[in-house]
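Heads up, the next two complexes both have chain A, just with different partners, chain B and then chain C.
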Partner chain A sequence: MNIDTSQLFAIFGVESLLGLLGLVLIVTDLLVGKGRLTGPATAVRTLAFGGLVAIFAWSFVLEPGAEGALGTLDSFALFFKRFFLATAVATLGVAAPYEDRLSAGRAEFPTLLVFTTLGMCLLSSANDFVTLFVGLELVTVVLFLMAAYRPQLPRSIEAGIKFVVIGALSAAFMVYGIAFVYGTTGSFEFSQISAVINAQESLPAGLKFGLLMVLVGLGFKLGAVPFHIWIPDVYQGAPTPTTAFLSVGSKAVGVVLLMRLVYTVMGPAAAQWTTVLAGLAALTLLMGGLGAIPQTELKRFLGYSGISHAGFLLVALATHSEASAGAILFYVVTYLFANMAAFLVIVIVSRTDDDNHMDRINGLANRSPFLALVLTTSMLSLAGVPPFAGFFAKFMVLRAAVAEPALVWLVAFSLLMAVTSLYYYLCILKRIYMRDAVDTGFLEISGGARLLLLLCMLAVFAFGIYQQPLVQAAEAGASSLFR
Partner chain B sequence: MPDQALNDYIPILLLAGFAVSFASLNLIVSWLLGKRGGTNPDKESAFECGMKPLTPERRRFSVKFYLVAMLFILFDIEIVFLYPWAVTYKSLGMFGFIEMVLFIAVLIIGWWYVVAKGALDWGPRRPAVSVQSAAPSEQAS
Partner chain C sequence: MNDLLAQHVLLLLVLIPVVVTTALFFIPADRHSVHRWLSVSGAGLTGLLAIWLFFNYDQVTRGFQFMVEHEWVPSLGIQFKLGVDGVSVAMVMLTSIVYVAGALVSMGVKKRVKDFYILLSALVAGVFGVFVSLDLFFFYFFYELAVVPMYLLIGYWGSTNREYATMKLTLYLTAGAFVALLGLLLVYFSGITETPTFDLTKILAAVDAGGGLDFAQQKFLFPLLLIGFATIAPMWPLHTWSPGGHAAAPSAASMMHAGVLMKLGSYAIIRIALPILPEGAVYWLPWVAVLCSFNIIYGGYVALNQKDMKFVIGYSSSSHMGYVLLGVASMTVLGMDGAVFLMFAHGVMTALAFALIGFFYDQTHTRMLDDLGGLLHQVPFIGILFVMMAMASLGLPGFANFASELMVIVGSWERYPIATILAVFGLVIGATYLLRTVRAAFQGPMDPRWENLQDAKGPLQRAPFLLLVGVLMLFGIYPLPLVELISTGIEPVVETLLAAEASMGG
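Up next, the complex of A and B:
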């Protein structure tokens, strides 16, 4: 096999720089910290932040078009690379006020974050099952570490162990499926597999089985029912910045790979999958809509809310049209802003990581009107209330789905579940505005956190009122899947 | 063609069938031929070459063993890559050389990290990085 180095760099430029940044962070930790276990957190965090922002800015200079044996840099991949880099930058912002609670490993946290982001960017370019699997393992193994990051808290260890077991299980499904796909098509490459699939009228049983197993493996990442069991426990136990990263990043990884699988690998043959995906979507919506109601823990609550959002993403995947692919990209971006703001508020209001009971936000409007406003915006956006971006995201998904006559029942059902979910989001608002505060302490908001919260809130507003730029970016990103 | 390719998996299927039938055959035969009856403490105890167990069978290992084992695997994998590279060194040319230098450089940074953070210090003066390292008492090291 002949490998062209310059072409590889053209495809994996972002990844190479992220890898370099990760190594520089390790070396900085060692040189500045001189081997202390606590590490020079500020230096490493600042460097990681600067590096990620620089790479994020550089990714806007990149032109899509490079394609090779191991990956592709189409506009879809580029869109998600920017998305993952933005997620990583936001997670660093969420981690900054949290860092004091870590007794060790403060310098390693940004480093691990950079390496996971590297894996995620790799996944967004995958056009080969081998790249896909390597990238997925890079992402999940680092996320295991980040979930079990506070070994003195039993809950964090529990989250780590549960995540490892589920991660291993989903990887096993995945490899098993990939083996069958390879066995029946003789290739790992998406384009060749797609050619084999669409050359015949009915798929051979082995290939069907293999693709289904891959779907199951990705379902774990996305948090689709019945593969969602890990979500509440891991979300609750993991440190809050990890949960924030997990909720957006891991879900987006599932989305990226499912979109590649459904739109590129399956292609037109994916029409056979509409029932499977629609069924998964209905189950996921039901679980997300009803499971969140009895929750009293903020992070568990957001976990269930994330499941319900996974349901909407699956509705769009089941639709299988160019409009629905664009809707998914729009959806994940609005989810990023609303979710990051919510998690940052949780970090600020929770005194310790053990205590994220919903009581913490009681009477928030009196204690800090700014935080109350941010959390209100983000909850209303997650619920899909009109002036906010979340509404338009749901609207795009459903508008695309309603064009498909076979999916009208699903649209009706998802509308029903959206109304149900409004109930529990409003319960949060009730706590903010109508209950007396349990805590009375002063809420310290650092300048950086204030900026990030303001940015997220503005984005949620702005993309709700003036959607055009983001819609265009999303449609451009999605269009490269349908060539 | 695609269905033909699945034929390659037939030996695996045969092996799986053999494994299942061998295991179940042994269980059935011992159930048929074995003497059944009550239990006694000796029968319930763990098998240790026919003797009574000398020590409790659940032993705790120092976390250092796991750490060393994990690090060993890491550098073991390096050798796994180095061998085929060394064999095909001439045909890979400059590209292979640079790739391997990059690969080893990454590993050396990892090794440096391990040594500098004290993961290989077993002596009493400076505790190794372990799960306990997050406990506040060890921060001062």
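Up next, the complex of A and C:
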């Protein structure tokens, strides 16, 4: 295998810069105010923020097209690199007001975040099972650390351990599956595997099994039923910024890889999988639609809500058309904005301690109309109510699915589950507006947090009303999967 | 000036409430009078635009007029397209009348005035949007936009059992909307138009050119649209969200809801379901006639046994909507004209009823017929208007309701004689429960408990009531202009239906 450095940089430019940024952050931490808590933390956080924003801005200069042995920089990869960078920036915003709860490791948090983002960007370019696995491990191992970040809280440790066990399990499935795929096709490269798959009338059992195992491994990442069990506990136990990052970033990792796998690697052969994916989608929707109802803890609640969104993403994956791929890209972006805003609100309202009981948002409309408005917007967007972006995301998914007559039942079922999920999102609104506050303390919102909340809210509004720019970007991103 | 207005009138109609909503966000929460007057002036402006539309809609050329069109998401076949025909103009007039009256009545709202008006104007933006949209995507978009603000309006400012009622209402209507959405998406992909589009005018043109769906498909798709839209209409047995929701809602919200939102359902049936799927309609409409007889009789009987005045009016509304649906099912110009005219008349009448009840409820904090009595002594103005409202509702000549109900009954006689007889009987039930309500609440000896009740005083307090009753009498005495206007929109629909029936018979 010939590796050309300049070509490698053309593909992995973002990753190289992220790696560099991570190293700079480590060195900064060492050099600035050794032994003190806040000095290096501020420096590292500022630097990480600046670096991530700069790389994010730079990614818009990049032109898609470079392709090599280990990865590809098609418009799909580029779309997701931007997505992951934006997620990382938003996570830093969620982490800032959380920071003073950390008794140690304040400076390391942004550093870890940069490295896991690196892994995610790498994954979005993967066109080879080796790159895929390396990237996935980089992401997961760093996320273990970030989940168990507060050793003094038993819940955090619990979350870390559960996450490690489940992560190892899913990695085991993946490796097992990859081995079978390699054994039957003789290659790690997606393009060659795809050629083998589509040259045959029916797939050999070994290959089928291998692909299924890979699918299972990715199901864990996405949070699809029956691989969702870790989600509520880990979401609840992990520090809130980590949860925010997990809920968007880690889910998107599952999305990226599943899309590559289903749309590019399997190609037309994926049509045989429609039933499997549709069944998974229905189960996931059912779990997400009903599981969230009895929850009383905000992060668990958002965990189940995330499962229901995974269900909608699976509906789109089962559809297997270019329109549905575009719908997925649109969907994850709207999900990013709504979810990040919700988690930041949770950080702010549970500022005094780490109790995230739903009581915390009771009477929020009286305590802080601004936070109430943001949370309302993000809940309604997640529920899929116009004029918010989440509505159009669901609309795109369902519109694409209806085109396939075999999936009309699934669309009807998703709509039914959308009604049940509307119920629990409205219950949140009930707490915000119709309950008396349990807490009465002053809610301090820093300028940065206010800006981030405002941005998320405006994005949810703007993409809900004028969808065209994001639709265009999503369609461009999705189109490269089908070449 | 007129040309400029003609190009932008529909856009303005949707944008005025949106601008009011947005502007309210930036006005400090304690400036109540600013919030109130901003909303009232916004409502007044939409009223002026509606009057302008009424006088400038060209009844000779007919069809959709004052079109606005912008590309929106071309790859999905979505465009922002507005236009009105005779039916929509009537509905726009209704909406703006109720909006003005609702904004005026809400002057009495004391808690969170700002939020109240924000939600109210967002809701109105949705309603106007539905009535002027000619794109199925935006139709649905605005429809949902009109439903969801109601959740908070009832949940926070409401009364009796409000949290239950508002959750039920929101979920019910959303579920109904989803059924309709599924139907709309299936129509979208059904291949009526060459490339899938949500553009209603293109779909209708394709159907007119003979490109309609075959009967089997229509038979399957029509019930989806019918059930979806009839949920909000509300057609028996899908009506159960409505009385509780009306009863729990604050005055302006009940006015908007019973007065305007319920009309979205029958409007959508006339605008979308009938012309796109005429054969399916011909097949299923007799069933609608059966179900709406239940509306009329069952709703009437339930109203007869209510103790809460808002529940009386709530059930009476679902009873009256039975007449609307009967008129729609009649497939005659007279009957359908009557249905749309009744949507208008009932909207104004029921808004008046909820405004009046809300007015004294704010002081008595009870609407139970057993607790009330003799209110005419303390609140003669409100009382007299309530009697007038009751007379209008039970179909006394001189009010718009009489004319419209008569049209429905005459129009549907030929096709559904049994349902029509039941409908006439329903009028008797209506008279009974309304007179019973008037007697229990307003007549009888003076009750010392209500000694300090304040009547509506001054032009500002009286204005909304006088506006509504004035409209009812105006179109009751001289209905012709409005009926002619409605007829321009109805005639093409009836032609399509009759052609479909003829082709099915042959």
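Here, the second predicted complex is superposed on the first by the 474 of 483 C-alpha atoms of A that agree within 3 Å, B and C clash if a C-alpha of one lies under 4 Å from a C-alpha of the other, contacts with A are read in each partner's own complex, and residues count from 1 in each chain.
The working rule: contacts are C-beta pairs under 8 Å (C-beta built on N, C-alpha and C of every residue); 3 or more make two chains touch, one makes a residue touch a chain.
What you are looking at is a predicted structure, and each value in this text was computed from that prediction instead of being measured.
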Answer with first, second, both or neither: which of chain B and chain C does A:412 touch in the superposed model?
-> second
Could you say whether A:23 touches chain B, chain C, both of them, or neither, answering first, second, both or neither?
-> first
Look at A:6 in the shared chain and tell me whether it touches chain B only, chain C only, both, or neither; answer first, second, both or neither.
-> neither
For A:207, decide between first (touching chain B), second (touching chain C), both and neither.
-> first
Does the superposition put A:440 against chain B (first), chain C (second), both, or neither?
-> neither
If you stack the two complexes on chain A, which partner ends up touching A:386: first (chain B), second (chain C), both, or neither?
-> second
State whether A:398 touches chain B only (first), chain C only (second), both chains, or neither.
-> second
Interfacial residue positions of chain C with respect to chain A in the complex = 29, 72-73, 75-76, 112, 115, 137, 141-142, 144-145, 148, 151-152, 155-156, 163, 167, 170-171, 174-175, 178-179, 181-182, 185-186, 188-189
Name, in rising order, each residue of chain A that touches chain C in their complex.
-> 323, 365, 369, 380, 385-387, 391, 395-396, 398-399, 402-403, 408, 411-412, 415-416, 418-419, 422-423, 426, 429-430, 433-434, 467-468, 471-472, 475
Contact residues on chain B for chain A in the complex?
-> 1-3, 5-6, 8-9, 95, 106, 109-110, 112-113, 116-118, 129, 131-136, 138-139, 141
Okay, in this complex, where on chain A does chain B touch?
-> 3, 5, 19, 23, 26-27, 29-30, 34-38, 102-105, 150-152, 183-186, 196, 200, 204, 206-207
